[in-house]
């Protein structure tokens, strides 16, 4: 039995997986062309989309590309003529199309891509962590990390709105944690198509090939001009911050759901210890914060929803009076530290007085991060606050290792 | 436009003078290719039959048809490769050394 | 059989769609692009991967294409074309051509996978491979379509090796093996034949492919004015061939009439001038075996 959601159900609540929620969001966003190659744990997204194309509930062309590199290349072809493109991938596939990822952002093509966060070989692992998307942080794409299936659906729709804004014209990667979010089921509200249509107009752009105004696109530059194009990209990504906030507010007005914009801060106003998270692990952390608050501990949680553009202003404002922070990275830049930690610390370096900061590396290759793991982190943050400093050698800590390691 | 045209390129002074992203209006030329030549083609219109083989085979499209069914050269964009002279079945085109003073 | 209007030097459009480019004087590849666009017209959207034609056609701010054109990633021409076609169709465009111009390296080597995918999907695109028999844009390195005995910068000829030691990859037959709607080989030395094939490709309901032999005076070490005559001679002495794959059948368009010109044809090119008699014998034998097979199977 197909769990395809027929259009009569829009405006209804259904019990679907994260991947299926993405497919629903895509259908509502009305892409013109889908080009995708299957890779675990993204496969359900592209399977559902092919069913929607087959039964006519999604009026799009579906290109069965023969590789991920071609998936992005085809999506760029679609975007270059002014049509709305969608693709999805994960891990090895994201890296196989890496050339195209840079190409699309440099080409100012507002493509939306879902990425199922999955560990990158070697060793092989089909399970989730953030190493794939973190390795593409400098590629010029806006990067969103969603916490649950509802946010996944909603952010696919918002992604097109943000990406296609004339001041932005930057592609967007919507990240879902592999398996723990892509394959788990929740109640999700499917917004009505007519409401989505009023939120997300038909894609219009001057940056396209057409018969009225033929263009030369994707050209070469000499050293005399290249930096200026890169500067433009950087400024557009910064301009996206305003559009992100506006989109969140307008989405709330129309659909009744707000996600806080660039970040979502939970109990941070008077917090002394704060954990910074990215993605679905935030849901687990919320439970821990609630428990700690019941015990009178001033714990807070800061969910970074966007890693690019980086919410440096928000990070500084929210954390400036916090005593100790932990940053939970499901990635590691070997030889240094987790990438989220590096980004957060750089933002905090502007403050005259900064919280103590510890990096927690966890969840690699699908390693579980439990309520007790997170409680353990907060307990350490309390200790660190008492001690008043963090040793250099213990700034980066691996959690939930399955074996003893020598400290 | 019948073919890409030479324009005066306004060197950007402000970032907004650049196009958004690497896209530009098609057919915008800023420089000629004339300086590449060592030899330049010259046609004897009395011999030229208007068969248009040279016009067909010029890799640069630097030959065009005249209203009286002959040919003429666009010396701004002719690179002097000599294909036209070599392929002309009537030996109507000669490659002459470009004047050294320019 | 659709009545296909024949485009000739006399009746073709006066418009020049590829003009002002920075290709070398006498470049066969640029002629291939120029003629294709004159046949296909202004409702043509092109994609060109990294390679000579993209390198000479769009260096900001010199834009040598009059019609719509975009540079694709090196391996991605086939798939970018598929995306352009799907996008144009979805937006309701009518009577457009979607054409790719890729070199031998960008087609037979790094671009083969994406081309295969496009043909497999039957996407309504035209893929033109201009074959100058090496990676010319990057400085004349050996490609999968570099013939035996060629001196290139990565297959030097010396005391131990005669240049490249492999035969040309059989790209035309690889493409035909997909049972493509229409495929053809061509040469800038037979321009009218090429334009006739372009007209057929334009009418094909499905994917079409033209593999055109394109002289490179720079990489071949030949004088610029002989680019057309050399490309004609290559066909006449049997090193290259004019053939088609249509309605699932092969057809030879022209049998080589001057096989004896082979040695002279090779030795007047800088890239072959080192060949010894035994190397030429290898080339000659391979040519003869190839033709024997083609004549037997394709009639």
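Descriptive notes on the structure:
Think of it as A, B and C in the order they're written, each chain with its own count starting at 1.
The rule we apply is simple: contacts are C-beta pairs under 8 Å (C-beta built on N, C-alpha and C of every residue); 3 or more make two chains touch, one makes a residue touch a chain.
Note that the structure is predicted; figures quoted are calculated from it, not measured.
A centroid comparison over C-alpha atoms places B as the chain most distant from chain A. When the interfaces B-C and A-C are ranked by C-beta pairs in contact, the top one is A-C.
Taking each chain's centre as the average of its CA atoms, chain A and chain B sit 52 Å apart.
Chain centres here are Cα averages; for chain B and chain C they lie 24 Å apart.
Chain centres here are Cα averages; for chain A and chain C they lie 43 Å apart.
In chain A, the residues that touch at least two other chains are 214-219, 221, 225. Residue positions of chain C touching 2 or more other chains: 60, 63, 65-69.
Shared interface positions of chain B, defined as residues touching 2 or more other chains, are 22, 24-28. Remark: chain C residues 42-43, 45, 47, 54-55, 57-60, 63, 65-73, 75-76, 78-91, 93, 96, 113-114, 116-117, 120-121, 123 touch chain A in the complex. Across the interface of their complex, chain A is touched by residues 12, 15, 18, 20-28 of chain B. Within the complex, the chain C residues that touch chain B are 9-10, 12, 14-28, 30-31, 34-35, 60-69, 188, 191, 217, 223-229. Those residues of chain A that touch chain B in the shared complex are 106-108, 169, 206-207, 213-219, 221, 225, 228-229, 231-232, 235. Those residues of chain A lying in contact with chain C across their complex are 32-33, 35, 60-61, 63-67, 69-83, 85, 99-100, 103, 209-211, 214-222, 225.
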